[in-house]
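Each of the two complexes below includes chain A, the first together with chain B, the second together with chain C.
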Partner chain A sequence: MAIMSFIFVFFFFSSLQPILSLYEDQVGLMDWHQQYIGKVKQAVFHTHKTGRKRVVASTEQNIIATLDLRRGEIFWRHVLGPNDVVDGIDIALGKYVITLSSGGSILRAWNLPDGQMVWESSLHGPKHSKPLLLTRNLIIEKDNVLIVFSNGRLNAVSCIDGEVLWKKDFEEESLEVQQVIQPPGSGFIYVVGFAASSQFEMYKINAKNGELLKHESTAFSGRFTGEVSLVSSETVVALDSTGSILLTISFHNGKISSQQTPVSNLLEDSPGLAVIIHPSVTGIFAIKTDAATIFIRVIGEGKLEVVEKTNHETVVSDALSISEGQQAFALVQHAGSSIHLTVKPAHDWDSNLLKESIKMDQQRGFVHKVFINNYIRTDRSHGFRALIVMEDHSLLLLQQGAIVWSREDGLASIIDVTTSELPVEKAGVSVAKVELNLFEWLKGHVLKLKGTLMLATPEDIAAIQHMRLKSSEKSKMTRDHNGFRKLLIALTRAGKLFALHTGDGRIVWSHLLQSPHKSESCRQPIVLNLYQWLVPHHHALDENPSVLVVGRCGPSSDALGVLSLVDSYTGKEFSSLSLVHSVAQVIPLPYTDSTEQRLHLLIDADKHAHLYPKTPEAIDSFQSEFSNVYWYSVDDDNGIIKGYALKTKCGSNVADEFCFDSRELWSIVLPSESEKIITTATRKLNEAVHTQAKLIADQDVMYKYISSNLLFVATVAPKASGEIGSVTPEESWLVVYLIDTVTGRVLHRMTHHGSQGPVQAVLSENWVVYHYFNLRAHRYEMSVIEIYDQSRADNKDVWKLVVGNHNLTSPVSSYSRAEVITKSQSYFFTHSLKAIAVTLTVKGITSKQLLIGTIGDQVLALDKRFLDPRRPVNPTQAEREEGIIPLTDSLPIIPQSYITHSLRVEGLQSIITVAAKLESTTLVFAHGLDLFFTHYAPSRTYDSLTEDFSYALLLITIVALVAAIFVTWILSQRKELQDRWR
Partner chain B sequence: MEKGKGIMGSGGRWAVDFSDNSTAPPSRDIPDPPGFTRASVDQDDSTVSRQKKDAESNWKAQKAWEVAQAPFKNLLMMGFMMWMAGNTVHLFSIGITFSALWQPISALQGVGKVFEPYKDNKVDLLGPKLLFIALNLGGLALGVWKLNTLGLLPTHASDWVSSLPPAQEVEYSGGGIPL
Partner chain C sequence: MAPIARLLLLALLSTALTISSGSGDGYTINGRVKIPQGLGTKGFALPGKTSNVKVILNGGQIVTYLRPDGYFLFQNIPAGTHLIEVTAIGYFFSPVRVDVSARNPGKVQAALTENRRGLSELVLEPLRDEQYYEIREPFSIMSVVKSPMGLMVGFMLVVVFLMPKLVENMDPEEMRRAQEEMRNQGVPSLASLLPGGGRN
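So, the complex of A and B:
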């Protein structure tokens, strides 16, 4: 008995933590990982020496990266924190990448070849100001020096070790320094700026020691706007605040002289408000108005001359020194489906160093930025390469009239993701580019068999691994049996839709949402969210699935909405609507019209509900469910949660049968002095729940309270809404609510004293798991609340259940006020969290695991059984049988259960789980700056053979057995015959 | 070879008849031994055979009762084994339980066969048969009880609701923090 129970306990514990890790050769079979850097803000080329040519880029996602100039691959990359915005980058001494970040207060040097940090200095000053970084070849006592102006202080920093050699404060309260200029070859620095917006100030500083040599100022009648443009080392051009007068200020030899030129003098037609678009090309600057871009040359003493006026979208690069005293710059203009790249010398507008026309994909939109670099051709002439940043945040390198490489860096800022099935495989239609022929198939299996029988040579093993990784099976463009092949449709911040194949992560199609551009009324369109519009089902199987993109014209919440419908197979936008109302909320309804289009309710800022699609069938199917549709809104600023029902048609002024008024049903007002809403969570719409009963020890049963109308709300004390550690435990608390959103009933409320946000929560089935910081214990905690329906608990009569005489499956209403009980428990957890999700399977039978996005940008799987509120210290035999784990105070982190294995998903934002058709498997997609996709089986793949199962071996075994049977049969026949003859 | 075939071919199978023909008069060729009178044997024959038959039927009845009681021992042994097997579901306990179920069932199927040798006009087999059936039913009950303690019988509410889908909801509500 004792031995048996020992064996049992042994098996129990060995089955407790199924081995979820991968073998080394399984990496890359199911998963893929893509690295991006985001929208490039500034780029510096490094092509001087013979080594590998590279470009250093800083991006809007606070990344510093160096890219291979040949292929666009990342050499190294550093992700700075979300508050550590990169202000400027440069290359110093040919081997250091210098970055200025955090509003000019942190200066770092990175080693160019490998990206290691060489030094870091923090620069503080008396006040906040515009950060400026200057790296000319300034040498003080054999020391290369960086001039940095930040926080109201001018610093000279040594390149070698980051030591501040001298500093000079500019403490004048209203002074806004615009430019720091170091005329080449001189020993002094000009600091120019505006004081009180109307006074031009010029300081001349000794570059050797920071001594103030001269200070001049001139007052102007008008006010200045921000930018000044440097047209020569001693002349700047500024624009006044009305945008109509150009000021040319020169401070030659410390004397300030200025000239005012009205913009209207330069242009005949009134251009409206102008802005200076590009500084720092010697002798030339550009202003941009609504209609046109105007290039102006400065001749002599403040004389201005228009050199070109263009109505095209034009982008100008920085000036590039190509030889002694000669500068060049690039212009990029759009013309139809191609772009024109022109490189001009700065001194001669009319001549071109380079003029190229490059065919450009329409789906990339306009050029946003251009950076140029030159190289010497074999015939000693200058060649140019240009790095351009497009509207969709993609990065392209142009050289010799062709696109050398392109990077889809828009994928670094995904807003929303949904999935779509692939087309069904049809006979006779070859969808895979490379269909394997029989011989290759056989060869592959023979190789695999060799591997299984350990007969393979190292080359064979490499071939097998290559075959497994590049299997055309996983990247086919058709639906598969297990539902592993899907399209991931991602919406990026730039307003572009990407369809990624789950097999290998390649981009199947991409589509830049054009519709907002066409309309004049919609100036600054932003995209908000992505919804599934049509999922082919019963009687619409031949239709292509489609997605709905919801956007709005401008950042304010009452801006008008924009809808786009995009075909998921082709990426064609087949319909786009400019709405006449705003979009505050989008509620996908669980009903479809006759063509399987899903009904959506769009709630506008005035709380009118608009039904889409606007078809008579839609309204017909909606009418029957009209009285059962409710909606709620969470006002996190004021701490009010309100629930609404729909009334009949909109008021008299809007004659629209698809518009409904809302009637307020309930409201929960949280006391604003003690609670502030920080997080809400709801159940996923498409989550399948297999059963409503939870079997517990001794064959008892508990009924889960399963409702899709459950809302989890977490609030903290307003004082404690800041960073961790800003308040004492006594001042801080965390309150969690479970609210029924139909009736507004608070099902459960719990207070965690001495705890603080940020809270990450996930709600699934009848439980919610949330993560927060416990100030008293100085540790992170995860809590679980499970909610059970007590009013069903008396359904225990077996005979009634046998004959089906019960009401457990009859439809329930939230108004029936089920009596609920909750169970909860808290556990310590080591990591802080970036995201949390739960695995999702097609029928909900497989046990659940939590997917935790850790602070280290990895995804960790944690069995839900660890977060069970019923874990006792000493489980009884029956409880052990049920699978309850003995109580521990903290949750274990099992290194093998990192599903991202050795990879990191930099800047992890969210984890998306999608059910495959195979019940055991969840598809997991994690995105941030990087993308990561894998298959994950929470209880291992119990319903299919593993990928490395050798069918050939099985087949051969069967054949061999059959042959053996025949042979032995024949032999025995012969033997018997001989025996008889004896 | 040839020889063997010849022998087999002639097919001479032979048998010895061990039937007791002592009562039958021997063949006239051989005279009775001196002092043996056949008549006296013939005289006692009927009483002796009656006695013999009585003894035999008694013996048969006794044997039938014994056979009928045999499952009782089995029952005890089964009970002991079940107790040994414990209440958890694993190979040993399942094997024992199924053998405990199978044995009585197979025994019940073969009730007639078990009592076949003791069939006699004079022997009343109803009693032993009933006892046999009752004991086997007892064994069966023990097996079923064991099955139940192992939790393999759907006698609990949990067995009937474990795959019950969640109830449909009448209302639908959506929303959240405004976009």
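So, the complex of A and C:
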């Protein structure tokens, strides 16, 4: 009896361990978090004071960040809204970061040390114009002033509180203001621009009160392209629209004088279309043509002189004033595997202040931008540091001929992610290593035991924490038994592939794709998607896995495609091809050839299908499945969903045996005046479903309708496709469809009146969950639709099963017209959503949880049981046993189930789930600007011991038990002896 | 001390303008976020800093940050019903429904969507603070005793120390009989210990 109860109690207590949520000291054990800022657009150094040296940067992802100049770490960072594009940044008063954003409409000041917003002021004006920000040390009545030109209005804004001191409108319809100039030490401002593209306008304005002092204009015969370059405080250089005549315009003392110089006078050979690339070094400007970059100096009254012509890719920095009246600027040029950084004084082209050659990783591509800063060396000479932005969006600080730090900011714009297994551990290597580590292992566990028994000193606790975080086990480069260690292959917008180790998030390799930017025919290459090309298993274990990168030569969908094949272990691009057709869709087929290369079908804009790899074997294995290939296309703009199948080989003119014609099978045309497609969702191809039957409370069975060809489509009223608040509930609705993509049959259609998008949806097994906005309740809602196969429902009869008169063994097929029933339910949800995903386990046995990316950039795990359509108000006893939760109107948000705990994945875009080999565990990777990775066990880790399981305690207990056995044995023998003597 | 700290708000100003017809083509929504300082500062790696609090209009249409006194401002907002969300690590804020009326500008119409409570002025306070981590139970002797290992040890102790006592209390005749039986049988099997398994 005692043993029975003991066993019972044992199991009872061992199942009580809460593992679902995290303890604070477990942060970093399973998860890692990386922060990025994106491609830097503008950078301003802050190195004047004795405090910490910083650099303030604005990026193309609408971020303002300050970085530590010594190590490149982020001090603080703010992500502005998607429409709040940063136009200019600067530092004012030595303590505020000033940002001008939203096309010059919003001016904000942020506290430099901690990033607290100090003030915000909005600048409106009569019309839209190019925004310009000017921060010289302009002081009006002891007040530091910012001069901002935006929306056709010149504003003087106080640095202290953001108050507009004065404003001056430039309402003239055709006026395009190009520059706002404040000559140093003067009390006036020049506003120069073009009117009607052919007239040069100059306004001289009193800086104290905005009063117009003088207005001059001159007409020119040609038209201007727009960009002007300021070569001194009173001279500008412009190009005409043909790109062949340079205009030097000076407005000294308010008088406009100009000089025209044909570009061909400066260059012997015809340069083609030229553009001015550099706008702000005194006395020097540069023009760029197809072949070369030409630096031109302005001498005296409009005289131009070519100082250098270079054929290398050259990047120029802004001017930096290094001492009184002296300016310097930096040039960066590429030469083979290194870059040359040159810093020149503005007045003397031939001398160099600095000339350094730095070895540069080829995988970073060309230099895109350079920003320089100076410091005084101990010997009073000038030293320079340069911040460079590379083609792969990475950011590097160069100083004294070396790279001080680098940031892989390309990872802030991941567009697609896939995973790859690591190599298998070679046998026979690790034995000695294990013996060596046994003592260490035991020591570690003894330390842990001390920790659990509260005997550890603070140093011990620190050692324990360090040991747990830096476990070499998790960052090994080999496959592990549980499938936790993998490579995450990420494709970034810059066309670079990164392989990240799931154990600690380090970059294993990175590769800038060569094929898109080398060829002449492909001018604007963009990368689109990433597919698994070769996944080795069985007989192809010796091959390295590889991935397929699909790209195209331009933004339009009929541009020619490019393919690259990259080895997942080494990052070497072993094959790349430029296609002769466009790529509209890529369909990975579930077939492989003998070398385990997966077959892919590429659909071009003319609806021809092309089979890859182009091997005879591939076509042989494809022929047999020819009639089973179906696909669909969704045309969002016209509201048409079409289904296709393969017809014949491409006939007529092309003798390409890997090309096939398609035929249209079905089409669904949605009425464009009442419905607009906003979201579609499909099942993941690799999702495993463990059981088809669902046992419900009263011993009844329901059969899930599980089809991999299910498509979820959400449409809204065209009026309601805008933002919340733009429509009334009466004129907006949301319609959802479940469509079979083989037959085009609409399995289910449902209308939510008074609801609107944006819709986030996830489809898994036989259910779909989607999130939308309910205008009547003015709350977000999440709905679930579950779809069941009614045609199998009569298999419940035992006699039928015995006689064999059942259809359980018949495969689920889209050809047979299954009778389906659906169940649905809606619940309120508090937050807006950025992404939604569902956990994925290897066999699909573990119960599912939804991973919800909220507007606060956190990832919340929500049990699917909360989104069950069968939640009654008062569950019966049987339903309670089944685990049905009583009905509530809204979904709970439990803070402990945020899998990102107290971290934010700024700018969250997508959540990717990958199955580990351990059935209980899903690997979750969330990316946006930041990256976050963790292991997540939806039903706790029921199939392995947890990380904090104390092996040492187990060993000690066993030893103690054995000792006790011996002691009692000896004692009993002694007692027996005594008994005998008695 | 704690209630006083709870009352100490980030700013001392108590009135908040809500909606006014601004310049340009829209209206202006003006409000403030108040985070009581007594809340949520314990047990957090990152206590909620006001510099990281975002105020989001209509699910991401406009994002703005708080000024040091907790005020925020949305400009150029068209008339209609809008939704404002506040995100701050460590706090749970209810989204707020704000009606911007074209007919009578300046009228305040705001309500928390979570509990449908109307707001007379647009002052947003967290409904509760969020604890993202489980609290580790402090070490106690009961937890060791209750753990599987502790139970095993306890059971062993019972067997070692209490069983002989039971044997001693037995009737000597019965004892002799049992001993004889044991001798006949050899080693006692586990089955004889189990209820119903014994011979007697």
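Quick note on the criterion: the second predicted complex is superposed on the first by the 931 of 982 C-alpha atoms of A that agree within 3 Å, B and C clash if a C-alpha of one lies under 4 Å from a C-alpha of the other, contacts with A are read in each partner's own complex, and residues count from 1 in each chain.
We adopt the following convention: contacts are C-beta pairs under 8 Å (C-beta built on N, C-alpha and C of every residue); 3 or more make two chains touch, one makes a residue touch a chain.
Note that this is a predicted model, so its numbers are computed, not measured.
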item: Contacts of A:H690 with chain B and chain C, given as first, second, both or neither; value: first
item: Which superposed partner A:Q585 touches (first chain B, second chain C, both, neither); value: first
item: Partner chain(s) touched by A:L953 [first = chain B, second = chain C, both, neither]; value: second
item: Contacts of A:P872 with chain B and chain C, given as first, second, both or neither; value: neither
item: Partner chain(s) touched by A:I855 [first = chain B, second = chain C, both, neither]; value: second
item: Partner chain in contact with A:E625 - chain B first, chain C second, else both or neither; value: first
item: Contacts of A:D636 with chain B and chain C, given as first, second, both or neither; value: first
item: Touched partner set for A:R982, first chain B, second chain C, both or neither; value: first
item: Chain B and chain C contact sites that coincide on chain A, given as residue numbers; value: 1
item: Partner chain A, residues of chain B touching it in the complex; value: 1, 84, 86, 88, 90, 92, 151, 154-179
item: Chain A residues touching chain C - in the complex, by the definition given at the top; value: 1-3, 6, 9-10, 13-14, 18, 21-25, 27, 76, 78-84, 108, 111, 114-120, 122, 124, 452-454, 723-726, 758, 773, 775, 777-780, 830-832, 834, 854-858, 890, 893, 895-896, 898, 901-902, 904, 953-954, 957, 960-961, 964, 968
item: For the chain A and chain B complex, residues of the former touching the latter; value: 1, 4-5, 8, 528-529, 550, 552, 557, 583-590, 601, 603, 625, 628-636, 643, 680, 682, 689-693, 695, 699-701, 703-704, 706-709, 741-742, 795-798, 801-802, 808-815, 877, 881, 982
item: Chain A-touching residues of chain C, taken from the complex the two chains share; value: 23-24, 43-46, 49-52, 54, 56, 58-68, 73, 75-76, 78, 80-83, 85, 87-90, 92, 94-95, 97, 100, 113-114, 130-136, 139, 146-149, 151-153, 155-156, 158, 160, 194-195
